[in-house]
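Structures incoming, each one as structure tokens.
Next, two complexes with chain A in common: one pairs it with chain B, the other with chain C.
== the complex of A and B ==
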């Protein structure tokens, strides 16, 4: 049977044989759950009782939930602070590190090391840093300099940036490495030509380096934005006594989803939130690609 | 200043080949080096303080000094005593290893098929797999949980692992790299009478070894540090992975920060050691995965 097939037909058989298990996987573990999440978002269900159709009730509830709007603002605060700050810091470091040869590998290692850490472990380390005197590192340091104490994790305004800091810190190494690879991909002849024309370093940076780095910048912006919009590990572990606190001031959407689903067992409501998260990620990525790609 | 731009630019070789002869430094370069060095030291400070505190006595943790007065390993003995951390460590290791092997095999097989075979439906399959990149994990955790509940996968290795056994990211990455394998090699192997499975395994796979390594690093690290899904799917302390275990341990140890730092160090040091040993290799892999993926 098989032997009678033409070479082309044999290839088709092999291709589908190779793809059979993966296709099953993607259908059962990716596509079905996606559709399932959307269906559940239109149902009321607490895991134990019956599933009942709720229509748009979960979405309406979300729209009218003041906590959701607080969470929505927090989620975008993580994005709008985290992405630009990490982009600028990592570019500046990569730009200068690229120009050094002396112990280049060693310096690069120092900057990259935090990327290899576990978010949960580092969340606990930073949580310790933020504790009040006499425990926390930062406040102990402030005490020695005579600056007043800062209640990092207990302040409704400072807790969010305090939680964001280790997330930015851990991601910098990756972005620096990607930026340096991007810088190296720029042909040296461009710089040589600019040098012959007597162009200033500053002009070279703005007219040659940054425009040519656009693909790298697009990648880093989109990649880090998705990360900040989905922040969870840091928030959960730095506020375990009151997840997302104080007063929901640090709660991101993923934490709200987790609590709705696995603390309150309100599956329909949680599923509606996941659909909203999906839409936010989709829209933010598309808008960024649109703005950054063709300008 | 202007004339020095091209000269002081590190050559593209430094990423792979260190020790290129350097030119005498000028003052600007020295200042740049010192600032970057200070920044780098600052970057590793949280890690340094974590390790330092894990070696301190409780009365010493208030001390800002990085080097403990009387360094000791009592905290490690205490934390490891009841065996929970060993268990979590083993769980994380087993799960990350199996998931990595699965991804290396399946992602490359699918990437290879989509790259080197011509068959009807190829484009649709590729787009369908690629489209799953847009779906956030958080959207799938509720259906995965219900699925695990229905099939009795809760609180098991399989339950923790099944969502990550294949990834669209890995498939796409491998497809990109198989583009670099010349079709002639595959044709030649076919004429030699090798079957397609053997061609993939013995001809194509060895040619993309660096990409496989890059994929393996990413998948392993991702699963080693994964938190939200293991947190949801595990119930019993014995099934926790290191991050989930550490999170519960942190709450339980409350204000005994030297013990929490010890737990954090136990879960972080293995990846740091692996990184320090395979540093150049890992950075190259990260760049490859980042730029092609």
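== the complex of A and C ==
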């Protein structure tokens, strides 16, 4: 049977044989659970008893849950503050690091180090930095200078940026490396031509560097957006006493999903939130790809 | 991560010998599950050994899991006909386990309700549903007031406070601030995230003349004058008397362990870790009474139950095992090994135990303890955390904040019991 196939057909058979492995893997590990989650979102299930059909009840509950809308706003706050801030900082660092020869490798290593650190360890160290007197680093410093202490994590307005800061810092290393690779990929001849024409540095940056970095920027924006929309480790570890608190002011959608599923054991409600998160991620990614690719 | 401790080799030899001798007695093997906690596993190993030597025809296999996976594994295993014949669960999970048909009632001939009601501490009554008890504890836990002896001596305080008024006065003497007015040592720790939500619900609300819940914990009742007074007293520790701060040193027990807190309310399960803290000289006393001398306490416990998987001879063996782990002997082993309090006054209130310097205050507290029937403990705790945050961070009036908490908790209970 196999012998009678043509070479081309044999190639196809082999291609499918190799492709079957990742396809099977994806079906079992990704697609089946995803489809199952969508089914559970229309059911009531507490992990112990039977699953019963709930219709749209979980989605209706979500729509009417003030905590969900608060969490929805928080999630976008992480995205809308985190992505541009990290993009600008990482570009500025990469741009200058690219021109630096002195201790270049060492500095690049320093910037990349936080990216390799586990989020949990980092979150706990920052959590202690933010504590009030007598153990918090920042507040101890403020106290010695006589400035009243700041309740970083016990404030409904400051807690979110305070948690976002180490998350941005942790992602910088990766973005800097990508930006530097992008900068190196721009042909030198463009810069030489511009310099011969006597163009200012500022113009070179706006007219050559940034436009040619577009693919890099698209990649980083999409990547870091997805990261901020899925933020969890930093928030959970910095607020374990009152997860997502105070008063839900730092709770992102993923943490709400986690709590619905594994502290309330309300699997249907958690699955409904997961479907919503999936749709948000899908829409945000598609919109970004469109905007940043077209014009 | 499944750790199995079988004595199968020993049992195998024993079985072989019996067969050879021709006195073949069918050996029943039952499985016991609990979550992993060093001392609890050690205590249970000892109990299983005692039980097996008294009942050579029964073999008990213990399996334990990390706490985080416990509920999921139990839920998946029993309906599939796998898993334990006798299972350990938190008292607050009973309703869920009964509703999901994971456990079966204890037989009335071996565990007559009247006997249980005579012999066990009254809060065990929460394990009765209908004509039967469904589960029974070996040990129970209660709250008490820990205090730092070094700081008490330093401040020249004779002994721990006996009443709530004395508590505030004592706390004031133990509080220290730096030049900028920041607290560097608190008189008493505060945080609803720790055990304080139990202190508020079952102790303070009652001491201010209220009843936290009605209707067998299905109706929230702390949105009352007593509840407002209790919440006012509690947040007053921070706002009015300034003897504490929420979030001080991150966690209440951390502040106490570090010697930065004069007093701390916690459960008997904290004894072990405080003993391991170097340089900390601590004492413990009963929770302070109100001005009329009225005391209250909160008690919680883990229970054992027979699962629906156990049938026939395994069921009979499981009943025998349940009888043993709820016996006086087992309770004394549990106290000695784990440090958790016996669930029967006949064991707990022995002269030696009740006058023990460390266990005494907890055991005396059991006599007047209440046990909240939670629908979802962490969600109900969260509502009280938020109640305090609204007062502390947003400056909301106590009465308004408690009304919001009570309404949200009622909604949660309604949904659970519908």
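The criterion applied here is as follows: the second predicted complex is superposed on the first by the 272 of 295 C-alpha atoms of A that agree within 3 Å, B and C clash if a C-alpha of one lies under 4 Å from a C-alpha of the other, contacts with A are read in each partner's own complex, and residues count from 1 in each chain.
The rule is simple: a residue touches a chain if its C-beta (ideal position, glycine included) is under 8 Å from a C-beta of that chain, and two chains touch if they have at least 3 such contacts.
Owing to the predicted nature of the structure, the values given are computational and were not obtained by experimental measurement.
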{"item": "Partner chain in contact with A:263 - chain B first, chain C second, else both or neither", "value": "second"}
{"item": "Which superposed partner A:135 touches (first chain B, second chain C, both, neither)", "value": "both"}
{"item": "Chain B versus chain C as contact partner of A:99, first or second or both or neither", "value": "first"}
{"item": "Chain A: partner with more touched residues, chain B or chain C", "value": "B"}
{"item": "Partner chain(s) touched by A:121 [first = chain B, second = chain C, both, neither]", "value": "first"}
{"item": "Which of chain B and chain C A:246 touches, first, second, both or neither", "value": "second"}
{"item": "Partner chain(s) touched by A:148 [first = chain B, second = chain C, both, neither]", "value": "second"}
{"item": "Touched partner set for A:277, first chain B, second chain C, both or neither", "value": "first"}
{"item": "Set of chain A residues, in rising order, touched by both chain B and chain C", "value": "127-128, 131, 134-135, 241"}
{"item": "Chain C contact footprint on chain A (complex, rising order)", "value": "46-49, 127-128, 131-135, 139, 143, 146, 148-149, 151, 153-156, 241-242, 245-248, 263-265"}
{"item": "Chain A residues within the chain B interface of the complex", "value": "7-8, 10-12, 14-16, 18-19, 21-23, 25-26, 29-34, 36-37, 40, 93, 96-105, 107-122, 124-129, 131, 134-135, 137, 140-141, 144, 166, 169, 172-174, 177-178, 180-181, 184, 188, 191-192, 194-195, 198-201, 204, 219, 223, 226, 230, 232-233, 236-237, 240-241, 254, 257-258, 261-262, 267, 270-271, 274-275, 277-278, 281-282, 285"}
{"item": "Complex interface listing, chain C residues touching chain A", "value": "71-72, 75, 96-97, 99-100, 102, 178-180, 182-184, 191, 193, 245-251, 260, 376, 378-379, 382, 385-386, 389-390, 392-394"}
{"item": "Residues of chain B touching chain A in the complex", "value": "1-3, 5-6, 8-10, 12, 14-15, 18, 20, 22, 25, 29, 32-33, 35-37, 39-41, 43-44, 46-47, 49-50, 53, 61-62, 64, 106, 109-110, 112-113, 117-120, 122, 125, 128-129, 132, 134-147, 162-163, 165-166, 171, 190, 196-197, 200, 221, 224-225, 227-228, 232, 242-244, 246-247, 250-251, 255, 257, 260-261, 263-265, 267-268, 271-272, 274-276, 279-280, 282-283, 286-287, 290-291"}
